[in-house]
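Chain lettering (A, B, C and D) follows the sequence in which the chains are written, and residue indices restart at 1 in each chain.
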Amino acid sequence: MQPVVDVSPPKWHLAHTTWFFENFIAAPNIEGYQRFHPQYNFLFNSYYQHVGERWQRPQRGNLSRPTTQEIMEYRAYVDQHVARFLEDESRVSQDLAQVIVLGLHHEQQHQELLVTDLKYILGHNPLFPEYRPAKPQSGPAAVASENYLRMEEGLYEIGFQGEGFHFDNEKGHHRVFLEPYQILDRLVTNREYMEFIEDGGYGQFAHWLSEGWDWVQREERDAPLYWHQVDGVWHQYTLSGFRPVEPDAPVTHISYYEADAFAAWKDKRLPTEQEWEAAARKYSPEIPASANLCPAEYYHTRVRQGQDYQFFGDGWEWTQSAYLPYPGFQKAPGALGEYNGKFMVNQMVLRGGSCATPESHIRPTYRNFFHPHLSWQFTAIRLAENL
Amino acid sequence: MQPVVDVSPPKWHLAHTTWFFENFIAAPNIEGYQRFHPQYNFLFNSYYQHVGERWQRPQRGNLSRPTTQEIMEYRAYVDQHVARFLEDESRVSQDLAQVIVLGLHHEQQHQELLVTDLKYILGHNPLFPEYRPAKPQSGPAAVASENYLRMEEGLYEIGFQGEGFHFDNEKGHHRVFLEPYQILDRLVTNREYMEFIEDGGYGQFAHWLSEGWDWVQREERDAPLYWHQVDGVWHQYTLSGFRPVEPDAPVTHISYYEADAFAAWKDKRLPTEQEWEAAARKYSPEIPASANLCPAEYYHTRVRQGQDYQFFGDGWEWTQSAYLPYPGFQKAPGALGEYNGKFMVNQMVLRGGSCATPESHIRPTYRNFFHPHLSWQFTAIRLAENL
Amino acid sequence: MQPVVDVSPPKWHLAHTTWFFENFIAAPNIEGYQRFHPQYNFLFNSYYQHVGERWQRPQRGNLSRPTTQEIMEYRAYVDQHVARFLEDESRVSQDLAQVIVLGLHHEQQHQELLVTDLKYILGHNPLFPEYRPAKPQSGPAAVASENYLRMEEGLYEIGFQGEGFHFDNEKGHHRVFLEPYQILDRLVTNREYMEFIEDGGYGQFAHWLSEGWDWVQREERDAPLYWHQVDGVWHQYTLSGFRPVEPDAPVTHISYYEADAFAAWKDKRLPTEQEWEAAARKYSPEIPASANLCPAEYYHTRVRQGQDYQFFGDGWEWTQSAYLPYPGFQKAPGALGEYNGKFMVNQMVLRGGSCATPESHIRPTYRNFFHPHLSWQFTAIRLAENL
Amino acid sequence: MQPVVDVSPPKWHLAHTTWFFENFIAAPNIEGYQRFHPQYNFLFNSYYQHVGERWQRPQRGNLSRPTTQEIMEYRAYVDQHVARFLEDESRVSQDLAQVIVLGLHHEQQHQELLVTDLKYILGHNPLFPEYRPAKPQSGPAAVASENYLRMEEGLYEIGFQGEGFHFDNEKGHHRVFLEPYQILDRLVTNREYMEFIEDGGYGQFAHWLSEGWDWVQREERDAPLYWHQVDGVWHQYTLSGFRPVEPDAPVTHISYYEADAFAAWKDKRLPTEQEWEAAARKYSPEIPASANLCPAEYYHTRVRQGQDYQFFGDGWEWTQSAYLPYPGFQKAPGALGEYNGKFMVNQMVLRGGSCATPESHIRPTYRNFFHPHLSWQFTAIRLAENL
């Protein structure tokens, strides 16, 4: 189902990522390849205008056919053809190899959406079904301290450089000058966010952007997505069911409007994406090798703090930067050029990654982006201020 | 799924009709009855405000839980309890018996909706899945003649009288005086309707009600629901798949706006519900005993004409009567009083019944009703005129 | 201005009624007639599709040009040409005479709308400007008694017959059979309506039609249009300013939904238009000769009761009849055929007339009609019940 | 009138700017000051939430009272009181002086809106009324050459520094590092924009941002605001009436979406606001002393090009920068702190100024901002590219 336009049905993700391989790899490259079904190109194209007419996005939830079973057969069919094709490496040009790798990263992006969309669908069902049981929590609870990392003024390098996979929006490696600032060494916790709520934060327009205030009124918001008060205690839906909010976990499912208002209430601000990237490179030079990145699967038990881990994996952190092209940004030609560039207006950049994010998407230059009112991703808050 | 607000997910019908028995029969009458699930009263109440808060209608399609399997278990559970309870007839008062019969008729109404909703869901899927294979057509095709049945002026009796099940809106048996008129002895055919289309009927406001004309413009209509032109030939989605329109079948899936415009184009009008009822009583005194009522399962092969069969079962015929209370109409007390009366505004009455209608709902006094823009039922046209 | 789509700017009424005379009388009949302005046909056509493209209704309030001054010049220009043309009666055919009379009645209808639209515009301005001072009230206040007029079962004649002006929708004189009923000899008062409010009438769905209940929720209604509670006392905006509600005046500015709910709360119902017409003919054979019809100009001081005056002039009374064609209804050919017939769906009939209604529109057969949610006319309630 | 929510009625601007002086200067500072009318604070507050409840913005067009005459009396009343108060300078503290200067600049901003709103109101009237006659054009027409100004990489200073009036959003003077780029020495002309149209620019999604493409489809755009094709020739509404488009004038009334698509079609991009400011400071060190800035009153006759004038006064130039706080941005306390900061999301920065802009608002650091779909200001395009 598709309860809101941004949330796609799970089986749609399965079909759409398969379609990517069929459409960009199998069909143009495998001799004699027969498409699995003549209509699937129409049904499972997401937004690639170059590729022709599409089934419109708000209608994704209205397809009872093909069934999940048929989509699984579609996946097996395409996988099999592509795998057989790849057995002979001589058939794979440099350019084609890049498209294949892009297809893998595209699928990983949809794996993350699959998790967040499932959470939305189940978390808006009044039965609050559990998706999977929680793991036991390891280690003692810790109250987060307020420790800011200092950054000197100066020229910093921004954007991807070197080998390895990256999206087009990370390219255009360039220099920025940053005025001196400092940045929190951890994410804001549920405990801190509850103080904002208790202080009447949702009822005081002085903290809010004008469009944020309109959003709070229109949507009647008084807490993050998935939060409900039961007998005076804040609970939240997690993928392990409905349970009390953990005070020392990072607050997640926060819109940009809420993140900005919280920061204003704290007399701080959000970092820019450049400030975030410069600090992450300096203070987290190594990205942790990861099985542990998300200790309690799919919901966080506590905020992580300290030198090694603080910038990656605890949540997608809203920055005070709009999603815009880097100075040297170039669109790829053809349909794949639509991948990122055409979304560069009205959205804000998020950095870091969450427990739903595939590991290979955790890197200092990765630019995630969403509209400011959205919060169904594991979005989070980190504070900064000028020095 | 719920592609438009009027069309409910199939599993919702299954759960809602079960809820009727649990809520109005099992829970108040069976000692020690335990509800199957504490939330189902909230989820599967349709519009009975007396019964408490409801899951809102436009959200019916967003419930991935309970699953169809769980709903089947719910049905078995309630069926079993009610069946066991009914074994001892002494427990069933006159009043309770009436509620049970109402529950059966309520379920039959939803059986009809189940068929029309399935048709809508499958017929708006670009794959046009077949619901069940068509039966071979029996008998020769016949071109319909234009034969009108004459009715004299006089007093006629309207509404249900006597024993047997009927809805509250059929009661208030009363007399009406009808000026002389005549009424077609069959439904309008696809052939006739195609003439209207070819004559530019959808493009000439002179035929249309003002709100009908707005509807045509806004919805960009140029043919009945489910019709698509392929290489110059009109096709339609049927429960047996996508196939050419049968010229001699009754045109169905017509909104009131279309029915009224067609009649204006023909220089005729629709009958009132009183005119329909009086003519049906006179010309079809026996309702046919029915296995044959719908010879080609779920889609019509030809219009039926002649003395015995002409008023029942070929389609829900729009009348020129708004759905309003009969002179002696009385609402039942309590929740069941909400059954019909509260819908008596802004809807038009339909008479007759379609191939999706349970046989025991085919009677001269049955008043069906829908908003004038709706056409996902098997709605149809019969013409009349003054003498 | 045009604060809601149904309310037109005052100057638009002035221009549109002039356009009627220019377009249907002067232009086709006066030799050498030059239209005042080439664009006015486009701007001031209301809904006559036959006459060509129109400036869309919701945009009427966005025309700062022509100014009111220019529209007054337009009126003078057309008046002068038509008056000079009429000096020679030989030029006026029977048919043309009918169009001229229609134009006069059309202008009278807009005179009534002009008053109700002005009231809406001023009554939704937080300054509550007074339109004209109230006249001193004459006579003593009277508490209305509850007196019902009895009507026997039988055949009654409905619709216009004879000479004199009438609209096409009144024609098709015909007979109806009415079951016995009785009908209140006056309108419902503000005092009675306040009892409904105090009894929680706006909060109990059992009284309401389903769409009425939705309307109450969506619009957050808890009293008639123009009513506001100030320090626990109900006030209402009148054309003489903001003042306490008069308990013995008829309640006005009532939607059909409210009228129907009030009647249900009283265990009564609204009369049908046929019941109203039959009773009005019987009990008010003479229509009062009128200067006194509206004693306190533009707002009512008390409900009138008694034999002679009870059916005409105190308010447009909602009936339980949908606006549909009479048996012998015929549309006029051409543009004027659009006058009434094309609105015959989704509206309810009102009978009687209000203090804003021109006297020559007060007659037993006049059929006014509005959508059930509208209440900016002086709409009112009369109760009836079966015998 | 208020044909769209962004366009306020002219008299509203007059009242609102007066309200600023009454509310922030007269009422709190003049002893014994009586407000002109107790309701005007409610009616003419625009968005200052600190100041209490407001008449909602979309309803501004629905106030027929107070009349323009009454608002002029309000202005005279407030002017007189403030002028008399200012006669004794000892009463004016440093802080109060700043508020008074802010009030003047606030009024100038509304003077510009008054012009653009009048243009919108008159330009959407099918009569296309002329606001004032055009002045005769001076000088010969010139075809614009394509000359780019080069900028070296390096550190540049951004934001207001020194004495003189400026808004809070210009403060937070800071350094940025710019990669090398070049920027056009003039605005894009109508001639060039017509080439984009003729090349099918509005029909090729490849040029457009995704939300821009949606906007083009939804709004059915195929040319700039105010453009209409008559007999194959592009015309546009100007404040001097409806006339053929001047090929050598700068194209104006362009949304960000259109500006961005045009730049993509040209294989260029829009400059960032920092690139614009650095280039303007370098190449237009003097701002022209101005009577000539707008030679043909309120509509442009040709694009100006060359060393002295190229950055100021020909149009508000969309930049590729979102409207966000500068590093050291601080909100003022209290109601005036709402002036700029709360709009810092979802809008794009424009630089330069137009022929409707008061001269004292033409400066290198002035940050104008609008949502990307808006084009009723005199918005324009300047191209840039990387070196």
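To be clear about the criterion, a residue touches a chain if its C-beta (ideal position, glycine included) is under 8 Å from a C-beta of that chain, and two chains touch if they have at least 3 such contacts.
Here the structure is a predicted model, which means the values were calculated and not measured.
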| item | value |
| --- | --- |
| Subunit C reached from subunit A - shortest hop count over touching chains | 2 |
| From subunit B, the most remote chain by mean C-alpha position | D |
| Counterpart interface for A-D, drawn from C-D, B-C or A-B and sharing over half of its contact pairs | B-C |
| Inter-centroid spacing, subunit C versus subunit B (mean Cα positions, whole Å) | 36 |
| Intercentroid distance (Cα basis), subunit D paired with subunit B, Å | 58 |
| Distance between the centres, which are taken as Cα means, of subunit B and subunit A, whole angstrom | 47 |
| Touching two or more other chains - residues of subunit B | none |
| Arrangement of touching chains [line / ring / star / complete / other] | ring |
| Every chain pair in contact, whichever chains are involved | A-B, A-D, B-C, C-D |
| Residue numbers on subunit B that touch subunit C, as the complex places them | 47, 49-50, 155, 174-177, 179, 181, 205-206, 208-213, 256-257, 260, 269, 320-322, 324-325, 327-328, 337, 342-346, 348, 372, 386 |
| Parts of subunit D lying in touch with subunit C, wherever the complex brings them together | 1, 3, 39, 42-43, 55, 59, 61-66, 121-122, 124-127, 129 |
